[in-house]
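Here the chain labels run A, B and C in written order, and each chain numbers its own residues starting at 1.
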Amino acid sequence: MRGSDYIVRRVLYALVTVFVAVSLNFVLFRALSGDAVTALRCKQCSKAFKEAQRRDLGLDEPLWVQYKLYLGNLARFDLGNSVPSEKPVRGELIEPIKNSLPMVALGTLFAIVVGIAVGVIAAWRRGTAVDKGGLYTALAFYSMPTQWLGLMLVFFVAGAVGLPTSGIKTATLGLFTDASTWELFVDRLRHMILPALTLGLVLYGDYALIVRSAMLETLGEDYVLTARAKGLKNRTVVVKHGLRNAMLPIITLVALSLGFIIGGAITVEYVFSYPGLGLLTVESIDKRDFPLLQAIFLLLTLSVIFFNLLADLLYFRFDPRVRT
Amino acid sequence: MIAVEDLHVWFDLPDGKELHAVQGVSFQLQEGSRLGLVGESGCGKTTTILAMMGLLPPTASVSGKVLLDGVDILERGEESVSPHRWNDIAMVFQGAMNAFNPVRTVGEQIAEPMKLHKSASGREADARVRELLELVGIPGDRASRYPHEFSGGMRQRAAIAMALACAPKVLLADEPTTALDVMVQAQILELLVDLTGTLGKELGMSMVLVTHDLPVVAQVCDLAAVMYAGEIVEMSGISAVYHQPMHPYTRMLFAATPDLFGDDEVLSIPGTPPRLDREITGCAFRPRCDSALGVCETVRPARRLGSPGHEARCHLNDPAIAQAGS
Amino acid sequence: MSLIEPLQNASEDALAEGVQASSRRGFVRANLLGNKQAIFGLAVLAVFLFLAVFGPWIEPYDPLAKTGPVYAPPSSAHWLGTDDFGADMLSLVIAGSRVSLGVGFFAAVVAMVIGGSVGVLSGFFGGKTDTFLMRITDYVLVIPDIPLMIIAAALFGRSLTNIIIIIGIIYWTSTARLIRAQVIAVRERVYVKRARALGAGNSRIVFKHVLPQVAPLLIANTVLMVAVAIFAETYITFLGLGDPSTISWGRLIENAFNGEATINNAWWAIAPPGICVTIVILALTMVGQSVEDGLNPRLKVGHLSVRRFRLRPLNGKLNSG
């Protein structure tokens, strides 16, 4: 299959998936809204009130009409209005996304770097204490519930190193005296560290295991023996033949995981009261703010699709067997 | 020239025992000669040549000498043998189709040992890569291609070219034609004969060819060593092994080889090779031998010379024992 | 079909699962562990199972009753101290095992039934059925698991049953893929073809020939799925969406969080439930992966090692006489 053919096919497939996701999103949240309205139990929730709600949410129109409306709005990036605040959903999303992204990126980067390092070394020194150590720490972190790890870090680490354990900003900073940009930046960073570390440690477990596995696979291949036979030193073999080849499955699997990380960040943000997209998700569930939820959900689904596509394309780029 | 002296290899087994895979193998190869190492799978032939390059896993222990121009390269284990890899001894592996890393070009991989051992670099290396490829019958411009773009047979040729990259003194070939179809097999063998002939004369390169396939040995080699249960049970020039085998195993091996033009029945050798994780009393082949004597059960046959350059481990060649009867 | 398919299919056939978040771990876990670990894992699971089953008789106190001061540190009366209500932590943890393990198990069964059925149907019938089912699987895979689970739990399920169903419905995809690959392999085997030639009907072939071959892998996968389900339950309850009338380890972690255990320095309220979850997940992983490895043996030997072959001194005795 020719290169450009492949790329086109993959992009088209992703677009189809986007369309399906958008539609499913519509169905899901219309159904949910309908159910939610039906399920509303409150003092003033008379039948009339519920009817009014339905009309507000546009639930009284035929489904087909609602669907077209929805698609049309999406095309104009109109995501509806948040129920409690009545403000456009679009606006509500910006700040949380700006908060989540750096934190998640920091944690993921940490996980990738440490994960690759530990995975490679463990595979290289297979069977030794180093391998077992790396393996079991990775397994341990991978088996820990994220929120629990967060709590443990708060308990045992935060106090010891003086890191903040909630929010994104020290409330008093800049309140009475001017705070420099640098101070603000550092403050932000300090608030990010624990949540990012929590996320990163759990991810690290996963990644280290992936890398170790991929390396062990690769180091069992015939061409590794040939490389040794040619007189290459172990270190050269590990990097040039082992890691170089293992990067293929590693990149793919890591890219695929990226789409799901924000979902995983939900519990972290909850523990640390970190005002990101994850926390927003929980809050909007609490408040039954369906338009906002719908938008967040769509965003998350789209990011999964995007990273899947990215993984495909990366694989394509780096595996010569596919390109010709 | 290369000589192997009393080589033993043991492998640790998970239950604490050891597998004695190679039991006292010795042979000498003069410059330009080609030795065929023949035997059933598991007889230790691959382990022997791997040991010659020190490519054994950590579960292995080795004793004996591998003398390259009189110097024991195994003397200090990995340390003393690794400088000789590819420079002096190179190998074409079994299933050499997989000897290439799929994500790098063939040319890069052929040039790799050259750069490592500093025999050539940069454009000089590229030129040599093309030369080598042409030598094995591959167009030189294929160097920039990836391994999956080659057919099985061509990859095998490329593997041979790669083995010759540093002009080694000894080429070890492990089942170079298995997994190739018959036509391609024939071509590869012809190539090996040509190469080792030419390079044998020019550079004094010798070859050890490991195979289970007798006709291959007949076609390519001038010396043959038959291995069984970790030992060389017979070794001689090619025609002597064929026409005057001294060991029943050799004889039965030939009888078991289908002869395309003959009408002889194809006989198979009943039974299986012995386990090598325990000590063997007497001759290892006795349970499957059709001419066993009483003494074969208790006494291990020693290496005995028949005619010059023809040796075997069999009591039948001992005039004293043979006369004494079964 | 995604390019990842060959990677997934190859890895499924050879050693591991596809590339959904949780099943990525399958690829990872291969090459992982050996028999000793499996036995250790089983032992650990046996202990927890025992605790879950015989809990009511082992718990030193009624887990729901206030039997001590609030946030009392571990003492001889309360080995793991007390929680924010004054209830004994040890009893709570033991009681929690029932729900956590129970939900994990049943949710995994649901996932196994759905995933197994999809996998068998898809793999056995192939063609349009296969394409259709796999497309659906692809789309389900794209939905972020945790957000969906949380939303569903918020809306439909404050009851254990609903939670079990929700978890099962979200996580069946990796099982489906794995089973499908296995079924495809089995389908091509000689005895299946022979059975068909002899006129056996589809259901007969599936039940008599295919399922027995697929069952071991299914079981191994279910074990791993239990781990996923236990995780999922902790996430749900942590966000306050669990069944309020039950105690589970996830619930205990939530309690610690809401009861501000950190401020009260009450590590004994935070650590034990999480440690239990971690240990159980570890054990399940060890066991599940060992079984999977046993079924798909990987004969690959590493060609690289930091240790070297050893030399033995020449021994005259070894020369054959």
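Things worth noting here:
Note that a residue touches a chain if its C-beta (ideal position, glycine included) is under 8 Å from a C-beta of that chain, and two chains touch if they have at least 3 such contacts.
Model, not experiment: these values are computed from the prediction.
Using mean Cα coordinates as chain centres, the one most removed from chain B is A.
Among the pairs A-C and B-C, the greater number of C-beta contacts is found at A-C.
Here the chain at the heart of the structure, going by C-alpha means, is C.
Chain A and chain B have Cα centroids separated by 55 Å. Note: centroid distance chain A to chain C, computed from Cα atoms, is 21 Å. Put simply, the C-alpha centre of chain B and that of chain C have 49 angstrom between them. In chain A, the positions touching at least two other chains are 221-222, 225, 228. Shown for chain C are the residues in touch with two or more other chains, namely 301, 305, 307. Residue numbers of chain B whose C-beta contacts span two or more other chains: none are found.
Note for the complex: chain A touches chain C at residues 6, 10, 13, 17, 20-21, 24, 32, 35-36, 39, 124-128, 135, 139-140, 142-149, 151-152, 154-156, 165, 206, 209-210, 212-214, 216-217, 219-222, 224-225, 228, 234, 237-238, 242, 249, 252-253, 256-257, 259-260, 262-264, 266-267, 270-271, 281-282, 285-286, 293, 296-297, 300-301, 304-305, 308, 311-312, 315-316, 322. Across the complex, chain B meets chain A through its residues 53, 55, 82-83, 85-87, 90-91, 93, 95, 98-104, 112-113, 116-117, 146, 148-149, 162. Those residues of chain A that touch chain B in the complex are listed here as 221-223, 225-232, 241, 244-245, 248, 318-321, 324. Residues of chain B that touch chain C in their complex: 6, 8, 10, 23-24, 54, 56-65, 74, 76-78, 231, 300, 302-303, 313. Taken in their complex, chain C has these residues touching chain B: 301, 305, 307-315, 318-321.
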